[in-house]
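Presented below are the structures under discussion, each in the form of structure tokens.
Shared between the two complexes below is chain A, which has chain B as its partner in the first and chain C in the second.
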Partner chain A sequence: MASMMRHTEKSTWMSGYALLTPAFLVMAVMMVAPLLALLALSFWTQSGFEIDRTPTLANYWTIIEPSDEPFFWMGIPFPFKYPPPAVLMLKSIVVSLVATVLVILLAYPMAYFLAFRVKRNKTLWLVLLTIPFWTSYLLRVFSWKIVLGYNGAINSALKTLGLIDQPLEFLLYNPAAVAITLAHAWIAFTVLPIYVSLEKIDPSLLEAATDLGDTKWRRFLRVTLPLSAPGTIGAAMLVFIPTVGDYVTPMLVGGPGGTMIGNLIQELFLRQNNAPLGAAVAIIMMFIIGALVAFFFWVIGFRKLRSRVS
Partner chain B sequence: MQRLKFIDRMSQGKLSRRDMLTKASAFGVGMLTLPSLPKAADVLTCLEWAGYDDPSYFKSFSDRNGTPNFSIFTGEEDALAKVLAGFSADVMHPCNYSVNRFVNAKVAAEIDVTKLSNWKDVFPALQTADGVVMDGKVVMAPTDWGNASIAYRPDLVDEDFKKNESWGIFYDDKYAGKVAMLDSELCITFGLMLDGMSYKEAAWATGDKLKAAADKWGRKCTANSRFLWTDPTEVNQALASGEIVAAYAWNDTVKNLTDQGIPVAYARPKEGFFTWYCGLTLLNSGKADKALAYDFIDAWLSPETGKTLIEGSGLGHSNTKSFELADKQAVAKMGFTDPIQHMKDGTLFIQVSDQVQTEYNKVWGDTKALMQ
Partner chain C sequence: MRNTFSPLTVYAALFMIFLYGPVLMIPLFSFNDSLFTTFPLKGFTFKHYGTMAANTGMLNALRNSIVVAVCSSIIATAIGLLAAIALTRNRLPGNAIILAAFSLPLIVPSIVFGVAILIIMLKFLGIALSLWTVGAAHVFICIPFSMTVLMSRLEGFDKSLEEASRDLGENAWMTFYRVTLPLALPGVISSLLLCFITSFDEFVLAFFLAGTDPTLPVYLFGQLRFPNKLPGMLALGTSILMLSTMLVLLAEFFRKRGVQANVPGDA
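This part shows the complex of A and B:
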């Protein structure tokens, strides 16, 4: 009997892996291999047109080498001899955080509405939500250029209404434009996870809260919000992690002051012809994002949160 | 049926590891031994500037061989890095001041001009010009030539500027957010020229001198630019709408906008305007048949292409016959017909050493990255 059970257990385990194999293979070929190549590249150096394959930490040292004279960016001292990676890293994190907060603020009410107010045709609502995603990302960024542009939708509307004489120039080509565009681009990815976690909430819990005298607002804060936290946090991660390294959005709507770390990496790989340094910056960026996410989970006690929900 | 059974067994976990591996390897071997489909002949790939991929520039090529593939770059250094990283292109469009980079990186191949039927009609002076010939070998078939200067809206700039046209407009706070410079290290070079340096001296500047110039001038010109342009369409639209009043531009911007009735003037800055000639270089990374590459270059050298270039973009062409074929009015409007006289009138962009170019690339990249 016992051996029988062990056997079934083992075969369940085996079939699980068998089913996962295609995904694992794709991951290994498409993700792990390029990552390893990137890692190897970061230990080499560029000399002229050639790549010197002697392993060295020189690229990493270039990024963190301290300097006696700090470089000041927005009043913040950066004590590095080569400050661009540090400065752009910080800037990218700030822009992404702003975009993430914007996304959550916009997506949460949408998901709430879908979960609690829509009774019929839920699928239709969900499909409607994905409509902007039927076009490519690039087109959506360009359309923001048209919305925010000098002769764009906002400026034309304000001019027609007689509210302004001259088009507003602060709308486009700055970090704020990047944050707005990123927020719009990622919103559908966040509505769904939040919706799912709201949907799962047992209505009897909400009823109980009301019966016990909670106002609507207190009920939301004490029951709905904590119970939907895992989905919301997951959604926030889903936006924050990929947007830090985004480069096409800042390139198109960022202007001279809106560059982010992705633009530096692209510049190092292409125009500066220094792929090894670009690889090192990319690796460090990955570690910083990883560390930030781990730190965030630790602060909010994600484990506790999850166990409480389940 | 057999297949269904296999999947059923797999999902129920009744398959042993050995079975699984046998089946997987059988599948792998099967895939490998499948006869590979005959591959279509490789299509020509051209690394090109934005806008130069217009089909009218290589019509005779397309008529014979179909449409080539294009990869668009924003500057020659981007294109070079792409080739060095393993991108296979057959032809690339460098200029007199940048072709040396491709030759030094050993990615350019010598051009056999006897294979180009239109070569005999190329301006003799261009046939032997610097950059076309390097170390006695033809490495670039010259195609187009023109200017680089400031295109501005005479109705939107001050009278002072019109009386005293200068590259200083890109560094003048009065025009902050109203100008657009090319995304190029020339931002720093022009600044050095405003400091009184000659163009040649400025182009070769290195070390502390270059760093100081980047801090003083590079940052200013970047900050004052509404955007650093990488695509002519972007700059044309911004000039047309009045979003910007002046921009670094080539002849085509002025030609396109004036053709549309938008008032645009092409400055003759007191520090000098620039001239260049560009052409096509054969790359040894190409996968397509060399004959295709020669045919593409030959199409570019044809007088018909020259006519399109002159009438459509206001740019010069390397074929002497282009000027006979083109609309007389368009030629007259362009104001130049002889490339040599034209180069003498302005300041010709020059080549610098790889070391200087690399340093310039780095300093310019850092300047852009550290903008507030």
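This part shows the complex of A and C:
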């Protein structure tokens, strides 16, 4: 009997994996193989229009090769012969971090409102928050060019109201514009995950805190916030990781001073015809993002945090 | 009912203005009788839409986008449905890892996949860039969406319905056709619509993989460099936003209806 059970269990596994085969195939062809190809390419070199397939670390050396005369960006010395990858990597991390913090600070109260204050028309609120998630990223980013531009909505409105004579030039084409635009473009991805983690909180825990004499604010800090932390941190990762490599936003609203690491990768592949170096930059970017995320989880003790919730 | 007008309510209203305000500038200025996106508004006009509709380059890109979006949404939904059945009906070893792996396309910066797929096509497989390469990439990024929608749908209904069908003598295929598929149908429609929008609006991968035949977002991006094309692009952007919004509402309708029709005793 037991062996028959084992047999049927095994056959459902088999049919389960059979149903997954097409999805696995797509992942293998469109994700695993391309990433391996990218890794391989990063060890090759470009010579003219040909690719020299002799394995070498030359591209990685180009990225970290030291120089005696450091390049200065924002007063920070970068002692590299070819500083763009290091400078843009740091800048991308800072800009993404600012955008992520902005997103969480703005999205959390909204999610809180949705979870605890909205009683009627909840579906309407949820749908209103879902629509931007699905609408064109390109258009959401582009709209900021209309808002912040030299001849844009804010400048012309302020001029019409007689508050300024000359358009404010500092609005667009700088890292701050990139951070604000990124925050706006990605905020739709975060309200719902935070909302879900707040919604799951057992109301009796909140009642218990009140009964035991906690004020509203202390209850929030000691019960609500810690219990929603894993969902909120997850949402933050969902913003931080993809935005480090974003190149659409810097291209549209960043100007020359607002470029990020994604722009360099795109340049190397499409303009400067140095795909191997671009591949090495992309690999290092992924490695650094992965290391940062792992370090962050280690510092906050994510495992402990999550086990406390469940 | 105190707290109806608390600071948090005010904040929520401001949040919605922040969320929608900038995007609504696109439709606002698309009806403005001016070449510039400046206040004060000049006058109401439809002429930018006329300019847009007469643009053959735009129409070609529109056709490309529709073909790619229809094909990739159908393929992604079919693959996603099989995978969703596998993951909800069986406690497979490694379920969690499989799910995490399938959500990678949503987390890894798209530029990485853009360049990675670009080089495997051009340098390793020797496949020229075309709408096919864009379509393949779109199937890839649509599968996680399709799986999410369909898994929540399949988890919502009783497994015993399928078992009953099997006990009554239907084979696996007929059970799928007569029980699973009809029950999953609202989810399937929702998945088709959401995958369509995802592909239709996708820019980064299409930008790297489209070759000479652009999809609509790639075409629109190319035109943004020319200031005199701006009004027509605002009209195009408005049309795209309206289409996406309508499809999302439709998808949400099917998803919600599916869930509600399934509440026990709510027949």
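Here is the rule we use: the second predicted complex is superposed on the first by the 284 of 310 C-alpha atoms of A that agree within 3 Å, B and C clash if a C-alpha of one lies under 4 Å from a C-alpha of the other, contacts with A are read in each partner's own complex, and residues count from 1 in each chain.
Going forward, contacts are C-beta pairs under 8 Å (C-beta built on N, C-alpha and C of every residue); 3 or more make two chains touch, one makes a residue touch a chain.
Just so we're clear, the structure is a prediction, and the values are computed from it rather than from any experiment.
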item: Chain B versus chain C as contact partner of A:His184, first or second or both or neither; value: second
item: Chain B versus chain C as contact partner of A:Asn151, first or second or both or neither; value: both
item: Chain A residues touched - chain C or chain B, whichever exceeds; value: C
item: Contacts of A:Asp246 with chain B and chain C, given as first, second, both or neither; value: second
item: Contacts of A:Gly255 with chain B and chain C, given as first, second, both or neither; value: first
item: Partner chain(s) touched by A:Gly48 [first = chain B, second = chain C, both, neither]; value: first
item: Partner chain in contact with A:Leu19 - chain B first, chain C second, else both or neither; value: both
item: Partner chain in contact with A:Pro203 - chain B first, chain C second, else both or neither; value: neither
item: First, second, both or neither for A:Pro66, with chain B first and chain C second; value: neither
item: Which of chain B and chain C A:Phe269 touches, first, second, both or neither; value: both
item: Doubly contacted residues of chain A, that is, touched by chain B and again by chain C; value: 12-13, 15, 18-19, 149, 151, 269-270, 275
item: Touch list for chain B against partner chain A, complex; value: 10-15, 17, 20, 75, 77-78, 80-82, 84-85, 104-106, 177, 222-223, 225-228, 238, 241-243, 354, 358, 361-362, 365-366, 368-372
item: Chain A to chain B touching residues, read off their complex; value: 8, 11-15, 18-19, 48-49, 71, 73-74, 82-84, 87-88, 149-151, 167, 169, 173, 255-257, 259, 263-264, 267-275
item: Residues of chain A defined as touching chain C within the complex; value: 12-13, 15-20, 22-23, 26-27, 29-31, 33-35, 37-38, 41, 51, 106, 109-110, 112-114, 117, 123, 127-132, 134-140, 142-144, 146-147, 149, 151-153, 155-157, 160, 184, 187-188, 237-238, 241-248, 252, 262, 265-266, 269-270, 275, 278-279, 282, 285-286, 289
item: Interface residues, chain C side, partner chain A - complex; value: 3, 6, 8-9, 11-12, 15-16, 18-23, 25-26, 29, 36-40, 78-80, 82-83, 85-87, 89-90, 92-93, 98, 101-102, 104-113, 115-120, 123-124, 136-137, 139-140, 143, 147, 172, 194, 197-198, 201, 203-204, 208, 217, 220-221, 224, 237, 240-241, 244-245, 247-249, 252, 256
